[in-house]
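Listed after this line are the structures, all set down as structure tokens.
Look at the two complexes coming up: chain A is in both, with chain B in one and chain C in the other.
For the complex of A and B:
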């Protein structure tokens, strides 16, 4: 499935919005590229058109103003991109190694605090700290694999699950002991772009752009390099890969390292727009599991499609369903996909 | 992976273990309130609440005991430990200061001793830790910060017939679901917080010649936030303030969507009931969307009474209002206790710590009144006691039959120069309101 990567329509749409709202564009609306203003204006017009059709009278539902609708849409895309990024490493490790990495959220947390420490210690922008966190997490991932997963890689899946759960507890407890449990934030004031009354927080925008770059980079790595082909070969058939001379244990270590590095990337970008605690990783992880199943196990584009679906449900559900009802909808969608297309939306196609 | 026959098994395994992850996460969330802040939740309903008439612990009769043991049941590790440790230190300081002044007079100078248990902020440990403290000889307990934990601990102490004075826990249900005869709460519970917030906020703003007609609620969607929300639904209209928007917040999320909804409804006041990180996210999202309601307020909102959080949030919260329990700013003794705590433990004396100290003062007064270390005698004393000399900004503490403080009060603060200053009611005001 890793070999079936193609940018899908939703990703292209997200990319269009992201590119249209390029981060170096000044905040004032007249300076924003016409394409961005057009895109958001189009959304606003769509909402306005629904309103004009008398939806309120027919359905008894009060539609938001076009600007507010466009604002929700932007937040849904931004949030969906983050969920996609969080799910990327998770789906990769499972796709290649059949290991469900419970420690994924904890690895994200390590990256969050690594960014904090690096930028505090060096005085450099947190943007410079993100590559540091990615490298650090790659090394941590390989170490975790070598010391805990490799000895039991052929054992039943439960064993690896429990081991990664143990790693989670150790990492989170260590972070808590060193940094405490109070929320931390980087103190960045990145501000927002305003386009036709719609605000695009730059922290989240950068995070989305980084997520898309990570997606493209990982895809290129898997498709265009020998190592990437070896990883895909191992994902397709571990025994066969061994027969043709691929060093499967080394590929496993590399895959776990890359998966941890992707967790590091996700954890590294979150402080750009949100305060964080040692518990934050787990809160993202729960939805990431849903994203992976929705999109299709081992599917990169599926991770982003799943992320966007969860993002839209969360934002619009939170706005219109009251309380935390959106969480029920998320899990209903999860169950629906399992019933109708159990391989996930973009998973298990015949050409794999 | 796709066409491999093993895939269906793997997929099934993934879903199965994801489900396990979800359950684990949900349980973790329940037990630790989502990872930050301290209060909330209605917790378990307990079971019976037997009268515990034996009061077997403690040393009664004959000679006066040498010491009386207070059990402190707080989160000393885990997500709530930062505040929990300071609450535990407040209990110790109150005992230490009493010992320094000669101990329990009615017990010939018997010393107070504090034993601590770590509930980790986990509901399932609340009762267990309470039982351990009782087994170790505690004559009276205090705790627990997180409402579900307190709910479990009070039921255990009820069954053992040992009095429990709640340090901090706001959920109404702790003392209202079941009649408890050994549990007492000096602080204002959720409904009292809402009553005081709606009344004091409306009066203060209108008396200054300003207007407030509508409000939007931003609350954390666990029982702590829901308790306050439900009470505000009644109390705000009673004070001629219409609720035009309600937005729920989940721990760990940003507040972007919620702020957009509030922006759309355009209320005069946004009332936030969340923990520290939720309030910071609210302010971040308001900054990102350039949104400023006329009044940003907090009801039972720890961040609005935390100097470091206020500094972190900056100008956006300047001039905002908050209602919470508080250290009495007009009392010299309260100031001395604050200084002593800060020098003794080198940590901040915030509202939660102050309320814990006040709760321990109530315990000490009851032991003094009882002249005994017997839990039953201390419980009798608590039921009838009136504590006038305490450091909280509220009238004398005295308990109703259900264990709630009849005179509980949550004063109104205003953020001035990024410090929380009491502005109402008048008897506790340290400064005038500013617009």
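For the complex of A and C:
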């Protein structure tokens, strides 16, 4: 599929050979996680862009041209921003509560379907559905915290990990039972901007803008409000926070709610540019872990730095390596950072 | 009546405190497991109480009991919580099927090489993570990353099967036909006894470690690693040993999986959910106990399979797993195997009260 359009395939041999050999290459295609293919190829507008590449390949034009490089660059930044948004809620819950929330991806999936249901039911633009998804997920997050996390907040870390995984199983099964596991989409074609030959898909552009607004909003909330200060205090020192009169369990509930709401926001924007299935949550979840560790568990700017790194690896990796080989590079980078600098590239807690 | 009950409780309490109690319980459990295929045909007044247990379901239950037993040696005994045992399971499955399918080697040799390879991969993971002192979340995420890494390697390298994986070769392609030597049988019953044999071996190893000095070292590492190191336990070396043993035996049920089911693919042996299915029985049954993984597997897997087979709702069995996981961690973190003891304690305290009243 994608690989037939790719520069290195065309440079290696005569372009015709590259194209002819293409059917062999996607031996890996059927089961490959669709995230890259979806995030890049799911856009109608991109078909045009890749078509242009394909034509160039047939003509034997040497690649990559600056335009194509710029195109990949744009994709990488957009994807990186989305990964940053996905990681935001995860890193917040970790930073404050020291809990790894395996249900994060499942919460995103709930939000995706909430957007679908809301916009189907009301006939309004999906953009109105996103705030609804955020609110819904905040409530879901608080309920999950109260029922499953709060009783074992002081237990060994593994217990919380197992419980959030249990929540993941329940949420995903529930979504599967109601909506089935076929891909769903909003049928929204936002089109794309073209800037001197470089396509900027609008759905992802909006997602990136929303991600940046969410980052700024959460940042301001944490820095400028009393509640935010209480959350930062709890992240710094839970016992100390308790001693100065902060209601730590309430802060935990709030943090988990906000983390889930951020998952809701991330899940809410994904239908703008991508079709989705209940399994999509797992793919985002795994890479979100990588993003969070790369950036530093609990660090907000780190989430976006990590997101960009993964975005670049994924886009350029799927362009030049083929299949989902980029995912191997991502995990190698992840393991390397875990070993050499486990506190992450911008390590620290949520308040730094 | 109450007298008879309290006497029985007393007798169980006394038995439980004996040193031979655990080996006896393990032996009884294994004998019961050996008898189950016949028990399930037993009918009382035309009703077979175990009739709903299919052989296939029992085999799957024993596969996950064996993996959980192997996981338990590392994560239960030393407290190094692995979330990536699918790596070892998958390595066992893939090595077996690749060697048998392409080179015509006996699956038994494939299984042996697969488990050695798994052990080496486990040593690599352990050497890196323990050397850099990864703990808690970081350790769990690192092990997960090592498993996911393998998933994508096998997905993207065509020589390793790619995303579509491998078909199990026919027995006559590399042997005289189905039989023990070929690791393939025509019916399910021999498969059942084979996996029961694997489970028995891993359980005996686990029991032996539990009772040896090695076991005490591992428990010391789990309870307080720095204190263990301070009194001279070479913690790094023993953690590595635990990983290697655990990885070695996790590859066995992986190899069995490859020879029992028709195909293996990265999504069936390396997936995120496999990591959970491996540790699920141990957690439900009781982490760090010898009987826990077996008991837990028989609590979780038949229920999940029963739900999956009787209601045609995809995903319902996963929801059941989720509910069981949460319920166990919240309400009984020591697992199902702790229930008889808790029952005994409960009755003892009640009878004590009664005695006091009488006196």
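Annotations
In the analysis below, the second predicted complex is superposed on the first by the 282 of 352 C-alpha atoms of A that agree within 3 Å, B and C clash if a C-alpha of one lies under 4 Å from a C-alpha of the other, contacts with A are read in each partner's own complex, and residues count from 1 in each chain.
Please note the rule applied: a residue touches a chain if its C-beta (ideal position, glycine included) is under 8 Å from a C-beta of that chain, and two chains touch if they have at least 3 such contacts.
The structure displayed is predicted, hence computed values, not measured ones.
Chain B and chain C, once both complexes are superposed via chain A, clash.
Of the two partner chains placed by the overlay, only chain B lies in contact with A:95; chain C stays clear of it.
Shared-chain residue A:181: touches chain B and chain C both.
In the superposition on chain A, contact is made by A:293 with both chain B and chain C. Residue contacts after overlaying the shared chain place A:304 against neither chain B nor chain C.
In the superposed pair of complexes, A:315 makes contact with chain B only, with no contact to chain C.
Once the two complexes are laid over each other on the shared chain, residue contacts for A:73 go to neither chain B nor chain C. When the shared chain is aligned, no partner comes close enough to touch A:118: not chain B, not chain C.
Touch criterion met: A:342 reaches chain B and chain C at once. Measured by the number of chain A residues touched, the leading partner among chain B and chain C is B. By the touch criterion stated above, A:328 is placed in contact with chain C alone, chain B being left untouched. The contact surfaces that chain B and chain C form on chain A in the two complexes overlap at residues 94, 98, 100, 157, 161, 165, 176, 180-181, 278, 282, 286, 289-290, 293, 297, 322-324, 327, 338, 342. In the complex of the two chains, the chain A residues touching chain C come out as 27-32, 94, 98, 100, 148, 151-152, 155, 157-159, 161-163, 165-170, 172-174, 176-177, 180-181, 278, 282, 286, 289-290, 293, 297, 322-325, 327-328, 331-332, 334-335, 338-340, 342.
Listed in rising order, the residues of chain C touching chain A in the complex are 81, 83, 128-129, 132, 134, 136-138, 140-142, 144-146, 148-149, 152-153, 155-156, 158, 162-164, 265-267, 272, 276, 283, 313-316, 318-319, 321-326, 329-330, 333. On the side of chain B, the complex with chain A involves touching residues 1-4, 7, 10-11, 13-15, 17-18, 20-22, 24-26, 28-29, 32, 34-36, 77-82, 221, 246-248, 250-254, 256-258, 260-261, 263-264, 276-277, 280-281, 284, 287-290, 312. Chain A contributes residues 1, 64-65, 68, 71-72, 75, 79, 94-95, 98, 100, 102, 157, 161, 165, 176, 180-183, 185, 187, 189, 191-192, 194, 199, 201, 204, 235-237, 273-275, 277-280, 282-286, 289-290, 292-293, 297-298, 314-315, 318-319, 322-324, 327, 338, 342-343, 347-350, 352 to its touches with chain B in the complex.
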